[in-house]
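Each chain gets a letter, A, B, C, D and E, in the order it is written, and its residues are counted from 1.
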């Protein structure tokens, strides 16, 4: 969905411009102090910042790992949502006799499948703290829209409607008892996927680690010029900037990765995934899929440009 | 649930104030000894504490990883409890004919759903070694409260009542045989989740690792001033304090993370999660949810402030 | 499937020849500058590139790990496709009464089994962005080929046909209701496997990590000659080339591993696996398996030679 | 179950007293050689043992990780045994009509539940290579005891009796066909848990790693005094002892952790867990639980003191 | 199954004798060059090989981890085969009425159980590329042996026969429809386990990593004497040998571990495990188990001696 593009240096630099500014001023100040006032005693052995560098590397590796795992788990859950949405639709079409069945049976299948599309969109918006009802009117009836709007958790209400439709289908003999239980398991999986997303969304990474890493990083950067000045003189300035940029970039990216549902460009692309689900379900329903591509491709364009940090 | 806030330096410092005090006295003593009595021979190459620093870093990374895994597993289990509580309620509402069914059927569904809320609260208190019966009278009848109070494991007794209610519902024909087995699987998942929490609660992290890390850390900090004194003189004091604070903080946080059910602010927020479950279940039952927000938001406020270390 | 062979040095060198060229020119230039113009002040302590080397090592280890995990997950999914294809065939042959059943029942089993072969081939081509319909005419009827060609996701359409055939078999009494549900679970697993492959295919590794690693690597290689020149003189040149080759090779391999469906020789060998599935299914159907071995062994030969980076 | 206590230094020292003795003699010998005979040429740069130290740290981290994973897997399996024992009992009590059923039905439930207690105790002893029949007479009849004593794998025989009782219950109409299959799944889980424990018990950690780590460690300790003697003189002795103790302790603990069923104090507390299971099952059966607390609490006391290394 | 024994140094040395020889010659040559011709300029700072040492350590840790994971996964799969073989036998004995059933029913159970033993042995030999039909005549009839010999994948053919027997049993009313589906799930697990073993067997570890690690290792060892010669003189020779042995041993063991089905002594002990399965199944069938212990214990003896690298 997201393409590998060359990332403009300016974009990356923009993410940490405040940090670069401070580091530059600091490094220049040290160099000036050293050269102009001959404070040569301030030079320290490079081994001192090295100890800190090793510790920070290990901690950043730890944090990157956990952040990546959260991000990948979020992505895996949305992959499972794609799979289960297709499975639900296939079960509807093959458990219910859609070929020779009554018009009501066909309507039931279509209603369920479209509500599933609605569920994906509303879950996506629910996780980003946006209005989860936005745009649902295309997929569910006004009565249902009214019903779900009374819940604080809209996707959960949609699953409840799924369950009620299944009960009716069972009562009317459109599906048998095994099929009801089997499709209820699919609903349970949706419930678990929704809960998994909420868990990732609502659990913050232990704050002390973040604070401590930041604090050690600042100490490390403050010591670095003293360790380099003896050998490099004024050349110390670009070196300090380059090294500290690297560390700041990694730290920043870990912070971004660990919250994959924050409506930022680095998010799990839940809207794009929801559109794929809509396309697949509509093709299975033999409907032509004319999505308003303007908005969609617009956000995709944006993704191409911004999906970096 | 828990918000990212700026953490006051004073709070962090408070967690390790004893350690800071000792380290300060020690570092100052070494500096005084070095400067006043010219014990210059005590200076050692910085490489010696560096070896220890590397080893400790690796061990702390190992311990942080395991502690984080325990904490994240505890969080995942409680996430699964949310999912399965919703699933149980959905199954009740869609397997039993709550629309056209008898009043008894509706009462059965409500009784089960409320008992599920009670189960969450009592599990939360059971794990924290608090009275697991506290507050249950709002959700279950006096007779049931009486029954479960005879058990040493209250949540297990509640699950047993769940099972008995399911048997009766099956006997009375409210659910069919597949649905009974399917809902029994949901009870089995609750049983596994309860057991998973107890396992994390009751298994201590291998004590020798903790002891050894602490012991190496002290040795490292005791050697550090000797390695720094030659280059820094009295400046060695803040450096030693800063470096040792970092290590102590990481160690402390790993200790906190590895026990997520100890009724400390860093715990898995089981009470908050239980309240979410109560809200969701009550909305599915079409009940208005008027939780005593005072107490709830109070503890949430506390969480905002204390959820750091 | 893929054999361990000696890898010609020339092949490996070919992968990074551009990088080698630049590094050589750069290292020679530094050496000439140092020796001819006696710019001895440019020598720096080896500890400076060492810090960067440690950080890069940790980051490359992190990236190699994640890349390897993606590659192994892709391989595991295709392993599961093999297992489930065999399972589906076994279920067909043992649930349906193929021995004493009607010719229609036998035809149904054969049609399903062959469509399963088609599914594997088309999924393989779908993931590589090749024409997913290529060669399917050997396994499915013209009518079905026509039907699936209307879908943007051909493998999904094939699964839908699977589901419809199962419904008919159930209606006609060839399989009972439990067996229908059980085989539907097998279809669900295929759906999950397809979705898993698409997830790996469509999710790019966070781009900033890659950019940052590349950027640090270049900085490290630019500093390296200055650190080595004092001790080695002109011998610095081969050392710098050797060390930088190592880092470039690891980086390159991680990039290759992380995208296992890109139609490159390092891909998951999906075509070879599909042929194994075809052979196994045909043997179970008691058909003789005469695959056009020329093409197959040709691509295998190619694999022997190219499966290195 | 196991409490965090202060660990007496003497206990820890006892675990590695032989190693400490050798290291002390060796370090003192080097110091005497250096000081008395002025063999100053034997001093080597500290960087040499540092290389080895890094390698050993990485290998010990690797080994600690794998050992911890085995230990935690063993603990998780026993946690699952607790869960499934409770689940089995709940299924017995709610699938069979114990309230209004015949005395035979109640006897069947009680027999199964008590046999489950027996299974836990005998599995615990089986894994520790103790007599698995010891104490079973309290939970199963003499006839059954006789039967299982003919098997080399007693817990497996108990599961077989479980299965036979379920068949009879199904034949007599006490449980229906779905319930039989569902409870058979619970037996399958017990079978998997037993097999998992046996796998951990019977698979040794690759021996070469252990040998190699030991060998590198000895080399490292032998080089260490030479690296430290120049700067520390006689102070080298306590330093070498302290550093080598650390490494020996970690190594020792990893060895202990990786074999969690060896009847040592660091084992997975299988007896204590079995007692918990007994208590829970008996409460569910409404029996009073009067375990011989003397023996139990005795072993628990022991655990408090010895559960360290 | 495999015992921890003292490993003779000579055995370990034998595994890397070629490497030791080359390293010795090389190290001696450098020492002679240095001492006799006074090429003192060739000494380099120890920091240069240290950089490489760190990188190689990280890469070896990465490789050891992946290799160990493959080995442990292979072991876990065979553990699952043990569990599921017992489960299949228990299901046969308790689903079919073996006590009061006809002789045919008992014969069916015995035939299935013995075929399961045959499946384990033939899978073990199939994975090692040995004749998978060897010795099967003891467990299956001549007719079945004839049938399976027509397949390229013998274990798969045996599973097919399992499936056919289950169909017949269902047709004849020996098992009901739920039991057939439940036992089919057990067959599916066998299918997955077989596929898992084949996946591990047929997927090679990315070759470039191996080549690169080997290449870096050689470079590291070639630089090492130059770094040590200044301080150690001729003592450099044993040091270089010792350090390089360590690295070669770890590399070698990772290579061995990553291919656990190559008919080498370090393999997963599939024959021994198959014998355990045979013993357990025969005891459940009430057969006396007289395995030809000579051959078995012979191979076990061998294992005791060779299971090291």
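Note that a residue touches a chain if its C-beta (ideal position, glycine included) is under 8 Å from a C-beta of that chain, and two chains touch if they have at least 3 such contacts.
Remember, predicted model here, so these are calculated numbers, not experimental data.
Between chain A and chain D, which partner chains are common?
B
Can we say the copies chain D and chain E touch using the same residue numbers, with more than half in common, or are the two sides different?
Mostly different residues.
Mind checking the rotation angle between the two copies, chain B and chain D? C-alpha superposition, nearest 5 degrees is fine.
70
For chain B and chain E, let me know how many angstrom lie between their CA-based centres, rounded off.
Distance between chain centres: 39 Å.
Between chain A and chain B, what is the separation of their C-alpha centroids in Å?
24
Can you list every residue of chain A that touches 2 or more other chains, as numbers and ranges?
47, 50, 54, 58, 61, 178
Sort the chain contact graph into one of these: line, ring, star, complete or other.
Graph shape, chains as nodes and touching pairs as edges: a ring.
Chain sequence round the ring, chain A first and chain B second?
Read from chain A toward chain B, the cyclic arrangement is A, B, D, E, C.
Mind pulling up the chain D residues that touch chain E in the complex?
44-45, 47-48, 50-52, 54-55, 58-59, 61-62, 66, 150-153, 156-157, 159-160, 163-164, 166-167, 171, 177-178, 180-181, 184-185, 187-188, 191-192, 194-196, 198-199, 202-204, 206-209, 211-212, 215-216, 219
Can you list the residues on chain C that touch chain E in the complex?
Those in contact with chain E are residues 1-4, 7, 12, 46-47, 49-50, 53-54, 57-58, 60-61, 64-65, 68, 71, 75-76, 79-80, 82-83, 86-87, 90-91, 93-95, 97, 176, 178-179, 182, 228, 231-232, 239, 242-243, 246, 249-250, 253, 257, 266, 279-280, 283-284, 307-309.
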